[in-house]
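Inspection log for the structure reproduced underneath, given as structure tokens.
We just call them A, B, C and D in the order they show up, numbering each chain from 1.
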Amino acid sequence: MMIGINDILAILPELIVAGSVCVLLLVDFLIGKENKALMGYLSLAVIFAAAIATWSMTRSGSLPVDAFNGMISVDKIAVFFKVIFFIATALTIMLSLSYIKDKNINLGEYYALLLFSLTGMMITASSSDLLSIYLGIELMSLPIYALVGFRVRDGRANEGAMKYVILGAFSSAVMLFGISFIYGLTGTTEISGIAEALRSADAQPAALGIAIVMLVAGFGFKIAGVPFHMWAPDAYEAAPTPITAFMSVAAKTAAFVVFVRVFVDGFAPIVEQWQLILTVLAILSMLVGNTVAIAQTNIKRMLAYSSIGHGGYALLGIIAATPEGTSSVMFYLLVYAFMNLGIFGVIVMMNRDKSGGELITDYTGLAKKNGALALVMLIFLFSLAGIPPTAGFMGKFYVFMALINEGMVWLAVVAVIFSAVAAYFYIRVIMLMYMKEPEREFSYARPLSVLIVITISLIAVILLGVLPDRIIELAEKAVGIL
Amino acid sequence: MFELADITTFIVSISVFLILFVKVYVVAAVLFSLPIPLTWIERKVAGHIQVRLGPFTVGPHGILQPIADTLKSFSKEDVIPEKADRLIFILAPLIALVPACMVFVAIPFGESVTIPYINYELTLYIADMNVALLYILAISGLGIYGIIFGGWASNSKYAVLGGLRSAAQMISYEVALSFAAIGVVMLSNSLSLVEIVKSQAGGFWNWNLFYLPVGPVWFIIFIIAGIAEINRIPFDLPEDEGTLGAGFSVEYSGMKFAFFPLAEYIAMTTVSILAVLMFLGGWNTPFPGAPVVPPIFWFGIKVLAFIYFFMWTRFTFPRYRYDQLMTIGWKILIPICLVNLLVTGFMRILL
Amino acid sequence: MKKGRNVSRKIEGGLIGLLKKIFFIDLLTGMSVTLGYNLGKSITMRYPHEEKWIPYPRFRGVHTLNRDDEGRELCVACELCVAACPTDCITVVPEEDLTGRGIADRVPKVWTVNLVRCLFCGYCEDACPTTAVRLSRDYELATTDFSRTVRNRDELLQPPAIPETVKGGVVVEARYDKKNMKVRANMLRQKDWWKSKLNLG
Amino acid sequence: MEQIFFIGFAVLAIVSALAVVSLRNPVHSALCLMVCLFQVACIFVLLRSPFLAVVQIFIYVGAVMVLFLFVVMILDIRKVMLGSLVGKRSGFVYAIMPLVTLEFLLVIFKGGLGKVASNIPSGEEVKVAVIGKELFTKYLFPFEVVSILLLVAMVGAIVLAKDRDEGA
């Protein structure tokens, strides 16, 4: 039962991040108010170090590693997701460098909280026990609560953060209740143990249904799946724009890790029980996300609903409940990370003046003034809508393929129909940019870091759209198909 | 038909129950009569420290004064302010008093005595829990609700301020108090008070107080936090006469008011007893070679000395300001606690 | 410059201060002082049950009307005291008397002083040409009977409880006469009793 | 005997929990919540884990509720405001509550709760030393994560409450 060096090595990336944040919090005292960007660069270095540690773990070929008496299990899926987290967090930090200075919320704790959240996500990704999964999710959420309300003088930010915190606490409680049910029914919180107990049981008690409903509610809140999505538009609008990007990408991805771990792995023996619930959740998410987005005037709210819809698509891969489905979800989330961060990068650029960039009408006639920016925006929007040469199309394609291979053709058809609906509001923005005359002068923030983020995202979106094979191969290797 | 064995077990179980009942009864009786000598002693100490005589009129040297006070409290009009929250206003003094008394379930007054003639070994505690120390800290912390609710229910701004201060003070000092308790648990390797006392047997150099260098630090932290816990000068901000009238109890009168000092005296005794049990070897004799006296004698002497110490400090020091109180709690006591905890841990492992 | 000097002084004081704080020197000093008081003697006077304070002769208490060595009243009812009184608390009504009651043929028929109004300034004493009015050292004026606040001539002619010959400034043994509600000091029974008390400090 | 005590504690806990959500006055609610938490602690004692019971009282009843009351007393929620706190659709909530209760009862009594469970804990009293040992061996990782979690909560709270000169 003693803790050895292997246990420490298994969580080395997490340790690097968590340990350096504590140091960074102290370093923050030494850095003057004007040079807080240094904290950002240091944070990037920390992420880089953690990424190297993760990479060296895959090199050593010892995966999967079990540690801490079954609390932690680092496998290739975990590594894949961690890479998404690293990318998302690093790009978010680069988006933030100039943004928080412009908005005068230039505090070193901003980066520290982001890194704490990253720690939580990494723990979630490599957990193999409900207890550590829950703690990882909480560790991910708490800093985001604080970051959403970071603009404390802004009433809107306070309202959004308040809603998020209260509903988040409530969902955590529901989640814990579900976990306690599972523990009571199976006598263990270890995911493999749960699967074992469920497999060996002769009958499935009805209480298991309640536990599943509660877990779906708790985790569904984190991916903003309908009907647990109420917080999302308010919180997305309230948060500083880079944080909105972070929430919609990283936090959502972390919640999907949980779905992969708990539902696809842990509840594998009772797949019929949760498949139906998740199907309802997915269809509702796609329906509400894609239709309500049409009515939005604020681009952050629109993207919030679009994010709800994308959550629905990604859930489809979980519903397939096959290794292929899992790998398609992983690929989808990676693609989603790039395209969403890219589009938020554009919004950050447009956020220069006080009201600018928040309303959809602010983009009217952008193409006439700044063709390059409009083109970039166009590509990201096409990708979000799932239009062929872009990565978004490939992501959706693989998810649908996984569904069809499982024989759930009708669900794939429904999803495609919703995709078509979704295309409407993405293309509306493009119409505004290209077909209308500009009504005002634009002023952009164009710091190098944001340009880099947009460039990286752009290249990734196009490359993943044209040549997805290598990444798909990685994902399939991770889930053990190849 | 009853077997003989059945009847004997029945008698044994009944007698066990009876003995328990008697113990509880005795402890309760002592607790409720405790304030009578204590108020007298306190007023006498107060008098002499201020070069006065203290109560002198009722009975020889005023010894019957507390009884007169009690009678006065009983006969006073019981006022409930018009816009007060009646239910909570009435409940608050009880909430203050009940936890203070509940604590004594877990307090040992000695190990055991053998009653002559029937040769029965009587333990001098009601229950020896294996979490006694935690239980006492937890339950005695509840007494604060009497003050908070009393202050709130009075519907008076001074009372509310008293309640608020009390809440903040309690949160700040509970931490240090618990740390001191943890220190003692580390030194004695048990949460049971009987075990803690046993571990300090054999002369005063074995007491936790003299576990150098960490023992005295824990002791001082415990005393400071303990004084703050029972809201006595210099930490009696909830009832700060200078700025709040009488603080949380400003709207109370008669017997309801009397419950608050009653609870305070019982809490003071609790803290004294805890300090004796945790640091001063409980009922162990300080000098093993000295003539044998009953252990309860040592216990009584030590507790009385502590009670005197609390009175002594009360009439020596001025009250701290509110921000000073918070500074002492968070910026001085807690960091010292953390460092001391580390040192204690290392000493326990290495020595 | 100035700031720097302050800082250095602060550190010096701070080092000693820190040591003082660590060992609670100031608190212990305070506690030793109070312990000394606690063990020392109390200065409380248990008036009226056991002790009573005898004021110095200069103390101004209730008025007395004096007589001369032959027992004649010194007051000649000249009403100068009435004139001098700032609060008009003295009433004097003169009458002619040839029986030798007073030192002159003019004596007061009424001589009252209202002690509620009187502020014991002693102007009457100064104004009196015959030293008939003196302020005695009686200070136990509390009463539940309002009529007792006005003292008339007969009462004032009684010799004061504390004779002028007693030096004063001492504490004497006393007891409380519950029936008459009076404090009886038995100083006169024991000659020079107060002196030994004085020596005790 | 134990059953009687359990039913007593459980009923009191449920009644006080209902009171927490139905009472209008936040201080009354807090008082009821205290009672509820206390009953839960009592049930822990019946379950042979006095340590958990004491910790429950220590932390929840002793410290957390004090903070709640502190906030409630500072907020000074008046009766006028209380009306606005209770939503207009409370009828809907009241309709759902018995339904959920019914569902739970059905599940508990008809659903064969505990059929899957294999390792039901024994009725032995849990010693503190055992808890400590488990916490620092088997559950070391969650324990450490919790410590980071608390640090984050602290940092977050300080960031939000910190005085800063920020343009709107």
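In this text, a residue touches a chain if its C-beta (ideal position, glycine included) is under 8 Å from a C-beta of that chain, and two chains touch if they have at least 3 such contacts.
Fair warning: this is a prediction, and the values are worked out from it, not measured in the lab.
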Could you name the chain whose Cα mean is nearest to the mean of all protein Cα atoms here?
D
Using mean C-alpha positions as chain centres, tell me how far chain C is from chain D in Å, no decimals.
70
List the centre-to-centre spacing of chain A and chain C in whole Å, with centres computed as mean CA coordinates.
90
What whole-Å value do you get for the distance between chain A and chain B if each is reduced to the mean of its CA atoms?
54
Quick one: report the Å distance separating chain B from chain C, using the average Cα coordinate of each chain.
48
Among line, ring, star, complete and other, the chain touch graph is line
Can you name every pair of chains that touch?
A-D, B-C, B-D
The residues of chain B that touch chain C in their complex are 45, 47-53, 56, 220, 312-313, 315-317
In the complex of these two chains, what residues of chain D are touching chain A?
103-104, 106-108, 110-120, 137-142, 145-146, 148-149, 151-153, 155-160, 162, 164, 166-168
Enumerate the contact residues on chain D facing chain B in the complex.
25, 27-28, 31, 34, 50-51, 54-55, 57-58, 61-63, 65-67, 69-70, 73-74, 125, 127-128
What residues on chain A touch chain D, complex-wise?
1-3, 11, 18, 22, 25, 67-69, 71-72, 104-105, 107, 109-110, 112-113, 116, 119, 123, 129, 131-132, 135-136, 138-139, 142-143, 145-146, 149-154, 184-188, 197-198, 201-210
How about chain C: which of its residues touch chain B in the complex?
24, 27, 30-31, 33-35, 37-40, 42-44, 46
